[in-house]
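Which chain is which? They are A, B, C, D, E and F, in the order written, and residues in each are numbered from 1.
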Amino acid sequence: MDNWLPTLITPTPTEGYDLAVKLSRMAIKKTQPDAAIRDRLRPEYAEDADALIAVSAVVATHFATIAAANNHWRDAT
Amino acid sequence: MDNWLPTLITPTPTEGYDLAVKLSRMAIKKTQPDAAIRDRLRPEYAEDADALIAVSAVVATHFATIAAANNHWRDAT
Amino acid sequence: MDNWLPTLITPTPTEGYDLAVKLSRMAIKKTQPDAAIRDRLRPEYAEDADALIAVSAVVATHFATIAAANNHWRDAT
Amino acid sequence: MDNWLPTLITPTPTEGYDLAVKLSRMAIKKTQPDAAIRDRLRPEYAEDADALIAVSAVVATHFATIAAANNHWRDAT
Amino acid sequence: MDNWLPTLITPTPTEGYDLAVKLSRMAIKKTQPDAAIRDRLRPEYAEDADALIAVSAVVATHFATIAAANNHWRDAT
Amino acid sequence: MDNWLPTLITPTPTEGYDLAVKLSRMAIKKTQPDAAIRDRLRPEYAEDADALIAVSAVVATHFATIAAANNHWRDAT
């Protein structure tokens, strides 16, 4: 696999959040490498409130990591 | 998408908490971009105790990140 | 909304814990602003072991944040 | 309520772990103050694998906080 | 109870991980002290994917604590 | 068991993420050592959206630990 995650540094919190979303999806990709199956599962969880909240929890954990990596973007404010 | 999250810095913990709520919702928006579907799901989880507690857990994780970014607002007290 | 959370600083861990409970409930209030619905949900989760444990998890996350804000009350011991 | 949590400092990790268990239970007590109901719920979750694992997760979060408060008991080793 | 957790320090991450597994199990033991009931529950969760993943989450939280205690074993590399 | 985790240090975040995936799986292996049972469980969770999200949550917690160990790979950028 290519070097898909060269750095945790992002210019803004907005881009840091997008990276957190990306990280949350990558674990699913690595656990279920078959794109066809993932495509079949997607509508199932994208229309289920509990699953969406669970996704949001994973994003929150990754965002904490990315925010720490970026020193919470304090210098950018 | 616009720069919806320019900073994690807030004047008070109260506003930091509101930002945490916003961050918890944004992941849902990014996973389910269709506003009509989200509107349909909303009453479903807003009247379900388990879902509300799960939302609260996500807010707690984001609030930890925002509190750290603001040095826990120690200088504001 | 008023400035309901002016500070994360508390004199003792006991009061810090109470604040964590308050923070865990506030997210539910902000997601379900209708007090009548919340009152209806309350007995449902207050008598359900799984829901009570889930609430406890949220309190634990908030308590970690508040403890860090208070430098773990080390100077108070 | 009395000052049931005067400090997070414990002499050993063993006692820190016990304190984490205590903290995990206190949130349940504060959410369901009726001892009779809690007693009725107890066998329900104490014999349910999923509930026991969920309790263990809460303990883990509190133990992290207590360990940090005690500087991970590094000086005690 | 004896001093079963005298320290969080381990020589290697491998042993730190084993300690995290031990910590995750201890909360279950303390919540359900009856070994016969625990033995009866074990096959139930050891053959259930959701329960195994939930156990893994608890181990991850404890491993974070133990890694921090050991300064992430940086000096050992 | 061999020293399967000699270090948490990785050259890049990409490899750190792979290590997080490995750590998340190891707890399952240690809780259910029978490879035949694990193989039987795998399709069950690899095709279940909720289970995949739960796995992703565990990976996120481990990735936070590994990122901290590597000083968030700040020197590598």
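Definition applied: a residue touches a chain if its C-beta (ideal position, glycine included) is under 8 Å from a C-beta of that chain, and two chains touch if they have at least 3 such contacts.
Given the structure is predicted, the values throughout are model-derived calculations rather than measurements.
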Q: Using the contact definition stated above, find the chains touching both chain E and chain F.
A: none
Q: Quick one: compare the interface residues of chain B with those of chain C and tell me same or different, with half as the dividing line.
A: different
Q | Averaged-CA centre spacing for the pair chain D and chain C, given as whole angstrom | A | 15
Q. Which integer distance in Å separates the CA centroid of chain A from that of chain E?
A. 27
Q. What parts of chain A, by residue number, touch at least two of the other chains?
A. 24, 45, 48, 50, 54-55, 57, 61, 64, 68
Q) Connecting every touching chain pair, does the picture come out as line, ring, star, complete or other? A) ring
**Q.** Sequence of chains encountered when the ring is traversed from chain B in the direction of chain C
**A.** B, C, D, E, F, A
Q | Complex interface listing, chain A residues touching chain B | A | 12-14, 17-18, 20-21, 24, 45-50, 52-57, 59-61, 63-64, 67-68, 72-74, 76-77
Q) Which of the residues in chain C come into contact with chain B in the complex? A) 1, 3-9, 23-28, 30-32, 37, 41-42, 44-45, 48, 50-51, 54-55, 57-58, 61-62, 64-65, 68-69
